[in-house]
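Multiple structures are listed underneath, in structure tokens.
Shared chain: chain A. Partners: chain B in the first complex, chain C in the second.
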Partner chain A sequence: MRDFRTLLHSKTGFIPKTEAQALRGYSEGILSPEYYIYLAVNIHPILEEPWDVREIDRLLAKSDLDADTAALLMTVFGRMVKSKDKELALFAAESVNALERRFVERVQALRKKLDSDRSAPPRRAVIAEYRTLARLFSSFPVLGSFYLDEARRFFVDNRRILVDPDLDIAVYLEILMDRREFELAAKVSRAALDRWPENRRLRLAAAKLAFARKRIREVIGNLERLGGPAAGSPDSFDEPQLFWTRGACRE
Partner chain B sequence: MWGLSLAPYLILLPVITAFNGIRWGLGSFAFSVALGAAARFFALGVAPALPGLGSASLMLLSAAAALGIAFTRDRMTLFRGSVLERLRGAVHKAVEMRKQNEVLEKVNRVLEGRVSSQKDSITILHDQVKKLASLNLDQALETVLETVALFTEMSSGSIWRLDGAGTRLVPAATYGWAEGARRDVTLDPETSVEGYVFRNRKPFSVRMLLDNSEFDRFSDNRSIITMPIVIGSKSWGVIDIEDLPFERYSQYSETILAILLSLAEPYLRQITEYETLNSLSEVDPDTGYPLFSIFHRTISADLERISHEPGFVSLVILEISNFEELLASWSKERLKRMLFSLKDDIDRVKKMKSKAFHFKEDSQLVLIIYDLDHDGTSFFCLDLLSMFSEYQFAIDGTSMPVELIVGFSTSAQAVAGADGMITAAEYLLSVQRI
Partner chain C sequence: MSERLRVCMILEGSYPYITGGVGAWVHDIIGGLPDVDFCILSLSPKADQPLRYALPPNVVEHRDVVLSAPRAGRERRPGKRVVKAVLELHAMMFQDRAPDIMGLLAARTRPRELGNGLLEDGRAWSMLSGMNMRRNPAYAFSDYFWAWQSAHRMMFEALGSDPPEADIYHAISTGFAGLAALNAKAAKGKPLLLTEHGLYHKEREMEIRKADFVKGYQRDMWINIYNSISAMCYRNADMITALFEENRQKQLELGAKPERCLVIQNGIDVERYSSVARSPRPGFHVGLVGRIVPIKDVKTFISVAKIVLERIPDATFYAIGPTDEDPDYHEECVALVDNLRIADRFVFTGRQDVLEYYAFLDVMMLTSVREAQPLVILEGWAAGVPSICTKVGNAPEMLDYDERFLAPSKDPGKLAEAVLFVHDHPEEMIGINERNKRKTMTLYNKKDMKDRYRDLYRSMRGGG
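On to the complex of A and B.
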């Protein structure tokens, strides 16, 4: 049986740092497949200290960086900027700027297309990007609120186009809730439910709003009226609905 | 003359066979012979004579060559067909593999992302718990809230404890409180949910409002989940989850919170004990660290405690052996402060928090360390000696080498009580002084 050291021996001296490099090394025939397996199963969570700066840098360089990972990176940078290591703190500060710039550029690119396209999808994309920015800056309340306000203003400016209860009105409600405008959100929610009383997403948003206002009976009332999902299109609302309406919340 | 005139047609048979097969070869041969005979008949007006024996052998040779060529041609066609079939199969497989590879790469990317962005892993929990061992209450409470936020996605929360007068609950730590937002910063223990939880040591969850009328009298609606922080079977404070995503509110989050508090309890107990000792004002005026009397009481209490529960307690005495020599250059107060600055270096490098006290002499400091057995303490001391082997105190541009000696003992050794441990550690020091 070959030992670990033999398995991870590199004949050419090439030491891969990432999974992708190990896979490339294997396909070029200069590394054993075990190298790739070893790196693939030994992933260091980015929140874990000591921080793997190389891994963070690699994630940051991804052109298709998703919002979840970006938000997590911001959490890491939020801690890193307080580090006593000045170099690390500087890296974090620069990364925060780079991340913000990247997402703002996405918004700008989307907004440029709006003059020639009067449809709803690109407008929804703009709102989604503003919400992502607000989420990235959730630990910087001033900036977070600023981007939420931008999303809200953009929705109001385009409200004649953004009229879908699932894709637009429910999202607007969530923005208002994130902005903690509970009174206005309640008003919008009531009006929307009067018009679309059977809409699941609006009903769930109303339950969320009641929860945020700590009105527990209202939460249950809304979830009891939520009904079941359309056949063949299950959604993610089942779990909270079951918890609140099947008695588990009273245990 | 027939034999000679037949020769071109006989060449035609193998040539056409080679290019188009035996049927085409024979057909071409028969057609060309018939065409030649007809031309001769019309040109000369006589029927062509039958070929002679010499022509017959030529015909046999041509037929044999044509058959050989036809056989070879068929084999080659078959071989080419099978090669093409294999190639087609290989191409098909390669396309299939490429598609599979693309899908697996995507899955791999997703899994990699899921692992690297894991927020609630055991390793992160371990990291957070290690941060609790700081002997700094503010930092520990901040870590508790941060850990709760990581594992439950809480966006706002707080820890409350009684104020100095013991009449109101005040925030000891907060998380996610927006600046400028109006909030109550003192709570009446009699009329708040936090006070109810604190007094009764019972958890509160907002769903209890559905069935329990006992909460109706509490007017505030700050809490989603509130749990008591119990230290040494006494209520020390409460933790309040004030804002939680709707989807995260479940029995699971409540259980997670209870587990996190239970993990934090031993660390918070140590910190509160240490704070209590410091507040007894038996501290050195120069360094702010507790004096030998407190050390003695602490180690005695620790030994009493570990007689009932698993664990070890160790003491490590650090002594500057050239203290007298250093006194020639710097004042005693300064040297004492520099000696205790070593404790911060130890905490930083070893990432293991310890309680520090003054020992019997000004040149000595003593550390109390938990949960290291005899070997663990020996290695700890060896690390200290290597850390400070070339250490120098530097003040105002003057630097002097420091000679450190270390003595230790642990509860894992067969020594009796606090005095026994102190004697064992002092014996090691005396051996090194010789």
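On to the complex of A and C.
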């Protein structure tokens, strides 16, 4: 294998940006293997300065950008926008606008469908998108809380349709907790658990709420009510439940 | 040559079809130099757009070129000299040497020789397919071909445009307008003046980077194309003007010659704005003058309002500008105001005579994520209203880098601090306002700007 000076002296016009591209270039005999190795092992965390603008740019270009990646990008842009490098700051500010616009357009597209579709799934999708926007703007408090409140309002406006304890009520509880409306959340939680006492997600939400309100006995009580770990495949509640009920929290 | 100076302004996607900063500037220059005849060569995305400006009487000719219009019939194969020049130009570009665009234009025997007819030539076709093999080998040639086609078709139209006769060709940007201007210079042997408000290639780069529809290698390809076009324009313009020094430096970086690069800042009608009779109103009044569009970041202005109102409950905020350009964004802003429960302290005025607001505003704010040289700051200063601005474009220089009145983009907390500073230091602000007013009268008088362009036109006449 030639050494990595190959990368510096290469006359190829094709510069792979991802490991997949480099591997494909190698398999087609266009690139030497150093490209693949370089991209595969030379990992620069996206949050770390100096920023890898090429990688950020590549992620931003993804049309099917998921919420986790978008949130990561927003964290980067939130820092970059304060950069002394005016071009970087401009890029960050414009990218924040672009990301917001992309997710707001998803909400608008979903809301357009609601007149002709009275079912719950598109409404849940609207709430999910609002929550994503709230998460994206978590470092911009006014806008973050605005989008969270839009999610809350949308739920309230559609509460006759959104009645599933797992998919709707538990989500509503999470929104209220994110908004730190603990009293209202407690009221909603009690009413929901009266109706669905064995619902695992509601029970865990009640435990989280109790934790947020610093009521540790209630946390343990709710988690003990969950019974053992879920039958069959374990679910996402098991770990926190075991933490609280097997005594690790007291160590 | 007639006695009256004749200038052909070359514009892309702007005057006289689109209103806004550049359009208003062009209209002002033309109207303000009645002793000069103007022709307009506009490059448009589509035909028959309605005029947004009544052309002043000294506009003697207007031609519109539609960049996306397909050429009728099969195109003729270009001559050998042109093919050779095309190959040389690309070879230079790929070796990071300055491509000889003027040599290519001079090689033509007919104006529209550059076009898809090039593909009939085996060497040109080999270059195209070879470029794909060398630069994007892992991708289908068809993708590359159509990307090449969409970029080059517009270039061919710009380079094949038929410019009106003029003494000077004045391009108001690089990009396709710049190419049309290079073509005019080559065809008519007359000098080329290039004026940039923003930096075309930087603006396009930003659009491409935030777009999700330009994929993979095509993003770099488009960015390289725009950079190359700007570099060609900078190298071949006889004079270049920028609005401020920072942009001039960027022009120099891309190959402009220092002795041909000037800064001519924009100006305002100082008499008009300084004649505003100030009549402060009770309370504290904060205004943003601008269109209600994302680039002005009105949501950050609303966030500032929310923060400030917690300290100054009787403050009132005004978003003064048209709301119809991006109705969805305006709707989002209204929803944000409602949601924050500040609707009784926040007004979307719509399009208004700003002079009425300059009479009573206590402070102006610009929360834009991008600006060149924001004239509203100067208007406010002339009227006696201080300004707070994000650190964009020329704003920091205009505000003497005074951190009390500057904040990073999207930082409502820091912007709110600046508003509170103005509110809490009325005595100090009197002196600052007077200084700002003097500075505007001295440095940013529109009359001076027009005189400088008149002088520049006169000095360039006969060159080329």
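What we mean here is this: the second predicted complex is superposed on the first by the 221 of 251 C-alpha atoms of A that agree within 3 Å, B and C clash if a C-alpha of one lies under 4 Å from a C-alpha of the other, contacts with A are read in each partner's own complex, and residues count from 1 in each chain.
Just so it is clear, a contact is a pair of C-beta atoms (placed from the backbone, for glycine too) under 8 Å apart; a residue touches a chain by one contact, two chains touch by 3 or more.
This structure is a prediction, so every number in the text was calculated from the model and none was measured.
Trainee: For the three-chain model obtained by superposing on chain A, do chain B and chain C clash or fit?
Mentor: fit
Trainee: Report for A:E49: first if it touches chain B alone, second if chain C alone, otherwise both or neither.
Mentor: A:E49: touches chain B, not chain C.
Trainee: Classify the contacts of A:G25 with the two partner chains as first (chain B alone), second (chain C alone), both, or neither.
Mentor: The answer is second: A:G25 touches chain C but not chain B.
Trainee: Looking at the overlay, does A:R102 come into contact with chain B only (first), chain C only (second), both, or neither?
Mentor: Only chain C; A:R102 stays clear of chain B.
Trainee: Would you sort A:F146 into first (chain B), second (chain C), both or neither based on which partner it touches?
Mentor: The second partner, chain C, only.
Trainee: May I ask you to decide whether A:K214 touches chain B, chain C, both, or neither, giving the answer as first, second, both or neither?
Mentor: It touches chain B, and chain C stays clear.
Trainee: A:L72 contacts which: chain B (first), chain C (second), both, neither?
Mentor: first
Trainee: Look at A:A40 in the shared chain and tell me whether it touches chain B only, chain C only, both, or neither; answer first, second, both or neither.
Mentor: In the superposed model, A:A40 contacts chain B only, not chain C.
Trainee: Working from the superposed arrangement, determine the closest approach of chain B to chain C, counting only CA atoms, in whole Å.
Mentor: Superposed model gives a least chain B-chain C C-alpha distance of 7 Å.
Trainee: Which positions of chain A sit in both the chain B and the chain C interface?
Mentor: The answer is that chain A has no such residue.
Trainee: Enumerate the contact residues on chain C facing chain A in the complex.
Mentor: Going through chain C, the ones touching chain A are 94, 131, 134-138, 202, 206, 209-217, 219, 246, 294-295, 297, 299, 302-303, 306-307, 328, 332, 335-336, 339-340, 369-370, 391-392, 408-412.
Trainee: Going by the contact rule at the top, pick out the chain B residues touching chain A in the complex.
Mentor: Checking each residue of chain B against chain A gives 108, 112-113, 115-119, 121, 123-124, 127, 150, 155, 178-179, 206-207, 209-211, 221, 224, 243, 246-247, 249-251.
Trainee: List the residues on chain A that touch chain B in their complex, please.
Mentor: 19, 40, 43-49, 55, 59, 66, 68-69, 72, 138, 141, 207-208, 211-214, 216-217, 220, 239-240, 243, 248-251
Trainee: Once bound in the complex, which stretches of chain A touch chain C?
Mentor: 12-14, 16-17, 21, 24-25, 28, 30, 57, 60-63, 65, 78, 81-82, 86-87, 89-98, 101-102, 104, 108, 140, 142-143, 146, 149-150
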